[in-house]
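Just below sit the structures, each encoded as structure tokens.
In what comes next, chain A is part of two complexes: it sits with chain B in the first one and with chain C in the second one.
Here is the complex of A and B:
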């Protein structure tokens, strides 16, 4: 889905038309024209996606797109489904980018998708064979030219033993071309449908040279046939893999050593003595990822500490910042204090400062060697704020409180001002002191009105990746913990570390399994919030 | 406050002053402490941004040197590209969130159709699960889509915007749904009798009446896009496509090569408009926040 889809709601049918606009034309209402143009764009985009998906055999994408396009056309060109005219744009986004990704997370959690198991079996075989490719000794060389296709992709044009010219690229195996001219050097000088890169350019431009040397053009669809490569950009030779793929036996054999690698049901090729080829494919592994989360001793121990800290961080963040906000609100909800508007504005400044910048700023301020906090407030002491687990936890908590107390100050100020004045007056006439009034009237009423906010704020802190990651990347590392899990890591940043999308070994399956567990935890918390606020009763 | 007037005796003045200090005066001292706590980091970053040394070391002496070197040096980096990217993504996402949320809220609030209750309940359930938790699936899905439509795959601003649009839809629709319900149905009905279509009612009648909630939702969507790191980090691959959050993290994450001065200057430039907007729209934001959203 794209921009067009989103702006779809701008087209609105003409007033009081009984029939569908697709069938009746009562003069050029501008709303109808806008609708027509937008739907034309949506259809054009949709058809483009469908054809391109069919071309690359992505049946799921093609199917989803066809369904969406048909639904969109039916909804906007008939009068049958009025509410859907308003709901469809949002609904389609929600289904793809929210509902589907949750389902997909659930699917990945049961696979071993990750580095070493990143594609289909076919891709894994190809990758293994390519890695095993060597130049065949004493093999003939063929005159070769570097060519460029319409899309700018590089390829080779080779003159084979019969004097025919064959062209191919990295993704497209060699294929004979009828219309080609062979120059005086024996290499093709003109190839129909391709631009021949001049030899001088190949020899002088280091960027092209690098690409040319790295380029391998498969001889045919069968990876066992090997590929053409070049070292000098003028002659090509056949490279064959020392590994041979036997589809019927489901094995890969190393012709040099005679080792036979068998395909396993874990998505790898493994030899008799346990040696494993680096390329693998992803397979369904059942509950293995979940079992690893709980039974792998190093991982389970680290995750337990991460989970405990996640709860502590969320609860303490909310409790302390709520407490501070409430205290400040009580103190400054006093008409005798002058310039309260000015004070309030200064109090809530941290709230208006972007959170990620604040976390990065404190990262510098807490720096042990050069940070201003050691320099100014601890007289140049060398306190390792970011390197010690407990100090780092305290520091990141401090940062989060600095960021969020203004929110509670604002909320509590508002809530205090809307307390029933007559109740408080009655209490003071009855002789209740200030602390009694606070405990018996102010606090209970305040908690009722801020309760839902406290819960949603807890849920937010529970997944506050930005502050944790920006401040200290979740570090310092827990000794012996895998995936560089750290002392200030919360669950979501642990998932980020395990997934390894930014660096290191990726383990998407394990990360998704942990995501599923966090989903469940968040779901339980939300269910409590749900009961608390009883939002369902509203509709 | 209690400045003694001439006819009062000195002792009475003294007790009054003591009482003033005990009840009101200390609040000013306390306020000074809070302001120091709140404002010091901001003053420090302002000072660091004016310090031409450009590193963390030696930026502890506040305002020891003042120069605009860091600010001018920003134009030699990708900073302004990142600002543009952030604005493009944030503004598009917030306009889209407003339009899509308003349309959905209008349908839920004004029409009675089968599946309405189920739809509302599902929306409420879906919005409880943060999208960021599913970033692995987002990454793999964009990888697959990118093979079909490269413009919607990884490293595309459009796909990031699409993700943001879907992520906030549940919350936004609920905020707006509540607000739409406060607008009496009689307005719609009278317009309908006068011959207005549902589209005219939506665009000409309801839209102007719900501007406050549109502003809140638009602003929240912008703030969320502005502050997001995890999703933008995995979607936007190349440096010229980064948003401020991704780029500025890269500047200071490595202690050895950190560009502290640039970060400080960039942060000040980016924060000032945010501060101005925040205080200009403070009333709306506070209202919107208490309606159930938290800082993003």
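Here is the complex of A and C:
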């Protein structure tokens, strides 16, 4: 038992003057043991993460984890820092799951990370060299063994077309060796002056494997003849590299055409004529992504329409479903309505149904030709609900209201039942009619309790990806808009399209920039709205 | 003192728990004398087929193979994102049309099939070749074909689109044909056979068959296709409608309400209630209808620490008739292994798809194709829904050229 727990016990007023035997024992209590076990689990988990982070050289994660673990142990094993004992779990999760992601998104927003800019410069150079190294057209495939010289240097021993064994290393071109034996697989098994490295060793020792993959043995003194390279450790063929990386000049030169590709600050190798090597790397591009959102004519126009629709969708969804929910709540709160309990249960049903399933079902029902809505409600008329921009907007709004009004029905019913009956009674004694009572007392009091929920509901509708994506995938498309942006796309689904996770060209930098802007918009609106509700409370 | 007791107990308990975890988890990486583990990303269907080849490989080389099952649709994005961080696999299963994006991301290594290359269908090797370099071991081909209800229109292939419509109307079915537009999203892939029959390919091919970045959809041929599409859309005959998505398409065909449909082998299992025959897609514009051929294969990561093992496994263990047969049996697509493709052509349905693939062209794998789909699909949807065909089509081509010029 910690000191703090003991003092708590001592301060507790004792209901019984005679202390029981159990209470007189002051050894470590069950609480302490439970805490010990829990903290042991936390520490074990933390150490595991730290070790694996160090193993994969993720120093940032390791550092943050060590700090968190030390703080956790200090907080829970001292008698001080009582508030932190309650706050720490929440704060750590906030840091791990929110702050980290936010900082990372912010970082990506200032880069051109996306299609063609996926890795580091080193990786891009590596990829270019891989792509530039070609097998010499008529090169035969030689049986090959990896050999080691007396100095420990690795080389290849290959059997050429005449059945002779030739040996060479990175610096020493292939040379015929007289005294050699060829095994049953056709590859040399013994070479005078060299030790043949067994194939299993080549395949299983990562260090040797890496060296063998990188080893190129020149065929002759002329580098244009190419060099022998092995892909699987048992055969070799002649390859010729057409691209040469010059680190000092920061260029890649094509030895066949003589074209020089310069590294640009946009993360690509570009030649004088504007030709570009396929692989690039991601670089910091400053505020370019943000600027593009507003200046790229095709993108800015489509995004403006998407933004306007996002606000319309969020505001209308909340306003209409709140109004509808409140109306039903008022009606079913009236004692004259019979079977209220049963009817109320029925109203909850749309809310209990998974949103993505409902959206899919409605998608089918709104189908112009096979859907039930045209058949039943519009006498089989051919109304293209999903293909016309305005009809599609109306339809998806309808679906979202259908899904969300039961929530407001629930909330308003609860709020109505907790209204002070004496105030209403006083009002009716003073001669206020029903509508006057509603406007002057019911609605203001209701808004005080539901205001914060309205704001959070707005934020939720603003980012309601599920309904938009499942119902019509943001479609129908805005003509000529990039990234398949559509008439019912809201900002969050536009971000998904731009990120290109599903198909097409990916631009994570642009998508991150857009998501930061959305975050700021939702944050500012929520802050302003919360200030408004505080005024209501003073009312 | 009590405090130290607490810390001591904590240290003891933590280390015990850690030891417990270590005992369970570490064995996979340390009990193997070789220490080498080859990680392969695969989708569900491929997983079982690879397991057998993997077992043989593990036995002969002492290497451990770790199969990670993933959603096929997620693999491209995950592979591009994770290879540069060093977390990616050594080998992944993938489609050939990802190749341009993978090359641009610098995440794939070239491979060398040596003499084995001759065992595969040429179109499969071509599809996996980018700028003259081979990047993957292919295992299957897929393409779409004309599927017809034999009870309604017999087994003979219609000569042209008009012939097909006529036979379809004469059969008395509710619709002569049904074709999926993926709802309002549009489906240029399914429509591509008809588009190429007007001589309007997405990108122009050079002499060697490689795609250039020159858009081939513009001009009179493209406009002719757009006009034809508009004439068969909601403003015209209505044979092509954006109310049809994949499920509705299969439902209509399976219930006998449509005489013909254009679909791939993956849809055959949905047609349980009708007898079907598979034929090449008929020409609508006079030239041969050439659908896209897709090829699936195995890529090696450019950041693989086990490049030798990966190459060895692909060429010598997956590049064998037995392994290719296992892959075929796990998921019957047209095999890329020539002798196997011939063998399975005894099945008339597969033979039909093989026949169709012979007319086909590989789907472009250049990264520019990524910009095509969205604009292309959307323009076709608008035209089918009654927009002015020529103007809509030409605007799409202009937008596309602008997007590619970047």
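The rule is simple: the second predicted complex is superposed on the first by the 335 of 539 C-alpha atoms of A that agree within 3 Å, B and C clash if a C-alpha of one lies under 4 Å from a C-alpha of the other, contacts with A are read in each partner's own complex, and residues count from 1 in each chain.
We take it that a contact is a pair of C-beta atoms (placed from the backbone, for glycine too) under 8 Å apart; a residue touches a chain by one contact, two chains touch by 3 or more.
What you see is a predicted model; the values in this text were computed from it and never measured.
Engineer: With the two structures laid over each other on chain A, which partner does A:136 touch: chain B (first), chain C (second), both, or neither?
Structural biologist: In the superposition, A:136 touches no partner, neither chain B nor chain C.
Engineer: Looking at the overlay, does A:73 come into contact with chain B only (first), chain C only (second), both, or neither?
Structural biologist: Once the two structures are laid over each other on A, A:73 reaches chain C alone.
Engineer: Taking the superposition as given, does A:192 touch the first partner, chain B, the second, chain C, both, or neither?
Structural biologist: After superposition on chain A, A:192 lies in contact with neither partner.
Engineer: Using the superposition on chain A described above, determine whether A:519 touches chain B (first), chain C (second), both, or neither.
Structural biologist: A:519 contacts chain B only, not chain C.
Engineer: Which partner does A:369 contact after superposing on A: first (chain B), second (chain C), both, neither?
Structural biologist: both
Engineer: Contacts for A:96 in the overlay, against chain B (first) and chain C (second): which applies, first, second, both or neither?
Structural biologist: first
Engineer: In the superposed arrangement, which partner chain does A:528 touch: chain B (first), chain C (second), both, or neither?
Structural biologist: A:528: touches no partner chain.
Engineer: Could you let me know whether more residues of chain A are touched by chain B or by chain C?
Structural biologist: After superposition, B is the partner touching more of chain A.
Engineer: After the superposition on A, what does A:83 contact: first (chain B), second (chain C), both or neither?
Structural biologist: first
Engineer: So in the superposed three-chain picture, is A:472 touching just chain B, just chain C, both, or none of them (first/second/both/neither)?
Structural biologist: second
Engineer: List the residues of chain A that touch chain B in one complex and chain C in the other.
Structural biologist: 2-3, 48, 56, 363, 367, 369-370, 473, 501-502
Engineer: How about chain B: which of its residues touch chain A in the complex?
Structural biologist: On the chain B side, the touching residues are 1, 23-24, 27-28, 30-31, 34-35, 37-39, 41-42, 44-45, 48, 55-60, 92, 96, 99-101, 103-104, 106-107, 111, 113, 116-117, 119-121, 123-124, 126, 128-141, 144-145, 147-149, 152, 158, 161-163, 165-167, 169-170, 173-174, 178, 195-200, 202-203, 226-230, 233-234, 245, 248-249, 252-253, 255, 258, 260, 263-264, 267, 270-271, 274-275, 278-279, 286, 289-290, 292-296.
Engineer: Within their complex, state which residues of chain C touch chain A.
Structural biologist: 2-3, 6-7, 9-10, 13-14, 16-18, 21, 33-36, 61-63, 73, 77, 80-81, 83-84, 86, 100-101, 103-107, 109-112, 114-115, 131-133, 183-186, 234, 241-244, 248, 302-303, 305-309, 311-312, 315-316, 367, 370-371, 373-375, 377-379, 381-382, 385, 392, 395-396, 399, 402-403
Engineer: Quick one: which bits of chain A touch chain B in the complex? Just the residue numbers, please.
Structural biologist: By the definition above, chain A touches chain B via 1-3, 6-7, 9-10, 12-17, 31, 48-49, 52-53, 56, 58, 61, 82-87, 89-91, 93-94, 96-102, 104-105, 108, 113, 328, 331-332, 334, 336-337, 343, 345-358, 360-365, 367, 369-372, 375-376, 402-404, 406-407, 410-411, 414, 452-453, 456-457, 459-460, 463, 465-466, 469-470, 473, 492, 495-496, 499, 501-502, 508, 511-512, 515, 518-519, 522-523, 526, 530, 535-536, 538-539.
Engineer: How about chain A: which of its residues touch chain C in the complex?
Structural biologist: Checking each residue of chain A against chain C gives 2-3, 32, 36-37, 39-41, 43-44, 47-48, 56, 73, 77, 115-116, 118-120, 123-124, 126-128, 130-131, 133-135, 141, 200, 202-206, 209-210, 212-213, 230-235, 237, 278-280, 298, 363, 367-370, 384, 386-387, 392, 472-473, 475-477, 479-480, 482-484, 500-506.
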